[in-house]
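Some structures to go through are shown next.
Each of the two complexes below includes subunit A, the first together with subunit B, the second together with subunit C.
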Partner chain A sequence: MRYAMAIDTKKCVGCGDCVVACQTENNVPHGYCRDWIVENVAGSYPNVEIELRSERCNHCDNSPCVRCCPTGASHIIEGGIVKVTHNECIGCGACIQSCPYDARYSHPEGYVDKCTFCDHRLAKGQSTACVEVCPTSCLYFGDLEDPNSDVSKALKNRAWKVLAPEAGTKPQLYFLT
Partner chain B sequence: MKEELFVSGRNIPNIDPYLNIWHWEIPVYLFLGGLAAGIMFFAGYFYIMRKEKDMATTVKFAPFLVPFALVLGLLALFLDLKHQLYFWRLYTTIRLESPMSWGAWTLMFVTPLSMLWVASYMKEVFPKWDWKFKILEQFADLTIKYRKAMAWALMFLAVVLGVYTGILLSAFNARPLWNTSILGPLFLVSGMSTGLAAIIWMSKSKYERKVLSRIDLIFIGVELFLIIHMFMGFMAASEVQIEAAQLFLGGEFTVVFWVFIIILGLLFPATLEVLELRGFHIPIWIPSLLILIGGLLLRFVMVEAGQITRYLY
Partner chain C sequence: MKSRRDFIKISTAGAGAAALGLSPLKWGGLENLNAANDIQAVSDEDMTPYPTYCEVCFWKCAGWTYVDKKGEIRKIIGNKEDPHCNGRLCPRGTGGVGMYNDEDRLKTPLIRRFKENGDAYFEKVSWDEALDYTAKKLKVIADEHGPECVALFNHGSGGKFFGNFLKAFGSPNITAPSFAQCRGPRETAWIATFGEAVGSPEPLDIRDTECLVLIGSHIGENMHNGQVQEMSAAIDRGATIITVDPRLSTAASKSKYWLPIKPATDLALLMAWIHVAIYEDIYNKEYVEQYAYGFDELKEHVKNMTPEWAYGITTIKPDIIRKTAREMANAAPAVIIHPGRHVTWYGDDTQRIRAVAILNALFGSWGNRGGFYMKESFHLPKMKIPPYPKPTKSWRDAFPGQFNLASLALSSGICDATIPTADRSCSFKAWIVSGTNLPLTLPNMKNTEEAMNHLDFMVVIDTMPMEVTSYADVVLPECTYLERYDLIRTSPHREPYIALRMPAVEPKYDSKPAWWIAKKLADKMGLGDYFPYDNITDLLDWQLKKVGSSLEEMQRIGIKKFDRENGGLYFQKGEDIEFNTPTGKIELFSNEIAAEGFDAMPVYTAHPEPPEGFYRLIYGRAPMHTFSRTANNHNLWDLKKENSVWINPKVADLWDLKKDQLIWLKNQDGVVSSFPIKVRVTERIRWDSVYMVHGFGHSNKKLSRAHGHGSNDSELITKVMVDPIMGGTGMRGNFVTFLTEKQEMEAES
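Presenting the complex of A and B:
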């Protein structure tokens, strides 16, 4: 099993509902977030193009954050989800330095926190909070190894890219272009 | 083409607008580690070369600084942790892939070893010293017997520790400025040079200072050579690394780096050391202090600037 997410940059309107849904679902402290919206503006007026992206941890296949963790608090679970065990984390910050996407943050309680692909919801057979709340349904989530999953189908029919592939982490967020 | 990124719904402390998660603690930790490594290496080296008498400060006195430097360094590392109650977790796992992990373990071996070395010279340095308990006395005698083995271990662990202070940073691929394998040798050499500067400052013997200054000049030369190579490597690498180098070639760190680290921290003290060797009278603390400050600044600048550099996407 290999969980992944596809984000349709043509459908995303940048409303930020996914950000709020995640903050509510996961009790993210005020002023912090596990997902965020990037507006990429290219060109100069009148030929301006804008790309909207809902970003979060890429749950990389080759994850530097797991490798550099001195305690093993950062680890990989079933389906390739990268997680942090809070009471094993010493808050050294090594994993934050190692992430090319700045997807991790230092929780006010001291440990490091990040997107979990809502594994607690997946266990109940639900999808992630951001996927369920998106008003334009531009997020697709599922198992890449299953050809009938939402994410596999979305990737089959569209052109896509990943962010900063040159960083070599094999990210698992696919942006439909 | 002009391209701009806006991030909305996100302004996380210490992460946005650019990463600043490591503050003064890490550079201080790296500096003290390098300093300790330098002193340890030469204590071991000159002991093995049977120069104990001529190089008394190097072998006997200066090592007294090492346990203090290492304990302070560990304390700085501890202060950097945000989840301090779980500090002990560092020592319930060994993860070879994580420099943070094997560095913490190296310190666990180095610190006691440096204390044993100091213990073996306690009576010589403080003739009035009394171990109080018989068992401690016997133990100290034992350390004297095993000095030679300890000297080899000191030299070996000093190199591991010195290289580690650089690898801790260079292991992070996500920070282009750090992601160069030259950082390991560079920090090792710079650590050795700061160690030598500290010993030279403490030494009262003309002969000893002369020997050490000569070695220091070689190390400063190698350090400059490595720094030039580091920039050559950056300029010939990918865009993110070229941008990283720009921070020092016209960017915001240009002045601290070239004026305070390269000129005042390396070239000027090296010139003073040459003049001293030629027979001019130079107060010895001036070049030593400059080298120490230069070493500390180098680590501050590298840690600070490295966090700014990143993959743009």
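Presenting the complex of A and C:
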């Protein structure tokens, strides 16, 4: 099993609903977030293009954050989800520095926190909070090894890219372009 | 002399407000110190969901409020059965919990008092005292001037109860800024053309459309949920989207055609499209012959309104105008030329939307799949109440012979008619303001302030301290929608639905639901018979049982669908339709509008251009905020704390303005923004215009997060271009320039 997410940049309107839904689902403190929106503008008026992306932890196959964690708090669970065991985390921040996607933050209670792909929901057959709330349905989630999963189907017929491929982290967020 | 309505902070004489200054929020919590990694999330089974429909905007999506075992609201999730949201709330709905948790909320009733030196302050009082005082004041005004001198401004669910109160009291002057400051011109234009208003939610069949045309409508930035969802599905299906906007809006960036029009010239483009449709013979002849009135007149009228003519006005090239018109024709009747929502732009807005309506008629989209569906709403029985007293005057008396085609009362008109003039007998003496922040909602803030200064009495009902609450004589704290019942939602859709809002938790502080406030006030004024129930649950259960449901059932399911009763979703082929217009036809030519002394068919007229060194002020929405009401909501403030002014890089270079630099804006009348605003240098905006999101720049210090963040467009909109047909307030005729230093600003003032 290999969980992954595809984000359709052609549909995303950058509303930030994924951010709020994550905040309320996972009790993320105010002023912090596990997912966020990036807007890229290219060209000059009137030949301008916008790319909108809902971003979060890439749950990399080759995760620098897990490798550099001195206590083993950062680890990978079934399906490739990168997680942090809060009570094993000493808050040193090495993982924050190592992440090319800036996907981790220091929780005010002293540990490092990040996206979990809502594994507490996956265990019950639900999808992630961000996927289920998105008004444009631009987020696709599932098992890459299952050809019938939403994410596999989304990737099948569309061009896509990953972010910072040069970092060699084998990221698992795919941006449909 | 100090005005008795000096802008004062909401601060109680006691220490009550300050004590609650620290955040009572319970995010995280000590338990997490011992937690493994998922403890932050509470699983759905450990919470109780209560049905609601959202009140953060007017779309009113149905959802579930999840309450944990400690009685805290954890999250709000959309109701999957609701066609307004299909289980997916927008960021504001998801963040609605921030409205409940906001520590700056109004907490107790307040009465304005005066110190010996004349300074005003708010005294914390009991509900009884506040309502007794309000009843007494209203009675005095009714006795002296007549009940008609009291007006209600409302937005949202609470307005229904205060409306009932006001009618029982004897005044017909019930108004919402959503008409004259927003969609009024559209409704007037649609009534004149198709015999009915567009209404809300708009019956747009985006789900099945082949071509969606947006004219300044920025779906995705305005988060009208169902439309955003259906537009996204349309993108998936490969439907053609054509967006007309001087700014590369989010929607424009997703469109096959973006027409970067010169602002204020949209009507010329529309007329050219009509010209192409007729003279290239690509309109829907069968539909027009059967249903439309005045085609020959229209054909003659647009004869010279060619794409070449429009090019000189709009800067849109003739071949693009032709190509986009043909795209619409190819898709017809599955084409939607979006009627818009906030359409009060240049004062000729009814005529511009008339052109939109005419174009839809030419392509036969009204009543056809992929165009506009025939909406249907559910009707609930009403409890019997005594007849309302007959008012002897109304707001219309202040505008003799004007605005006869306004189908609803004008907020701006009532505001203006509050400022006494020698020739007017009826000036308004008291306002009841429910859920609308008038200084930031009506254009020309100074004018609104002057009107409020002339009032004998003003009562404001709201959940938050807003700019308007600072001017009130009495402030009544309403509880949020998550803490109260309201009337059943019956808004129209493809099928008729009803939705229930019930409290998920008890009201915080000493706040009360609108139904309770209105009923208690009515009781105190001897008007209790107009609220023939002890508790609103009695009314709801009675209504629901009459239609085969019950309060108990609705508490379980939240939303219920009924069968359509008024025919199909679309016209049948060749179906005989009687439109509710004077001719019974779709009126391309309007005798009704002509009878009022206006053009029977739209005519483009040029609007003023910005003077040298000034730029047209365009404003719009951000998807995570509603008007000015959500700026202090912590969840949404996290997403967007302030607005910025969008400036084209060429213009920024000219003025040597840098990204994130704080500047002040000064308009053509010399008005300078109270707060500075950050510069956003972006290619997304034309060089002759600037853009900002509406709803920021709050001056009320009691909004601890929102105060002083960003700038308020309403104070810069001092030039109002009034639509002579229906009284809408055109607000896009204001021009601003940049001040980089405060000294410069002060030196000039």
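FYI, the second predicted complex is superposed on the first by the 177 of 177 C-alpha atoms of A that agree within 3 Å, B and C clash if a C-alpha of one lies under 4 Å from a C-alpha of the other, contacts with A are read in each partner's own complex, and residues count from 1 in each chain.
To be clear about the criterion, a contact is a pair of C-beta atoms (placed from the backbone, for glycine too) under 8 Å apart; a residue touches a chain by one contact, two chains touch by 3 or more.
Note that the structure is a prediction, hence the values are computed from the model and not measured.
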Which of subunit B and subunit C A:S106 touches, first, second, both or neither: first
Partner chain in contact with A:S98 - subunit B first, subunit C second, else both or neither: first
Which of subunit B and subunit C A:N87 touches, first, second, both or neither: both
Contacts of A:E132 with subunit B and subunit C, given as first, second, both or neither: second
Contacts of A:P46 with subunit B and subunit C, given as first, second, both or neither: second
Partner chain in contact with A:L122 - subunit B first, subunit C second, else both or neither: neither
Partner chain(s) touched by A:G14 [first = subunit B, second = subunit C, both, neither]: both
Touching partner for A:P29 - first (subunit B), second (subunit C), both, neither: second
Subunit B versus subunit C as contact partner of A:I76, first or second or both or neither: neither
Contact residues of subunit A, present in both the subunit B and the subunit C interface: 14, 16, 19, 31, 33, 41, 43-44, 87, 109
Partner subunit C, residues of subunit A touching it in the complex: 10-11, 13-17, 19-21, 23-31, 33, 41, 43-46, 48-50, 52, 83-87, 107-109, 116, 118-121, 124, 126, 132-138
Parts of subunit B lying in touch with subunit A, wherever the complex brings them together: 1-16, 19, 21-22, 80-87, 89-90, 92-93, 95, 97-101, 104, 171-175, 238, 240, 307, 310-313
Subunit A-facing residues of subunit C, complex: 25, 27-28, 32-44, 74-78, 85, 87-91, 94-95, 97, 220-221, 223, 225, 228-229, 232-233, 235-236, 248, 250-251, 253-254, 258, 260, 623-624, 634-636, 638-640, 648-649, 682-687
Parts of subunit A lying in touch with subunit B, wherever the complex brings them together: 14, 16, 19, 31-33, 36-44, 64, 67-73, 87-94, 96-102, 105-106, 109-112, 163-164, 166-169
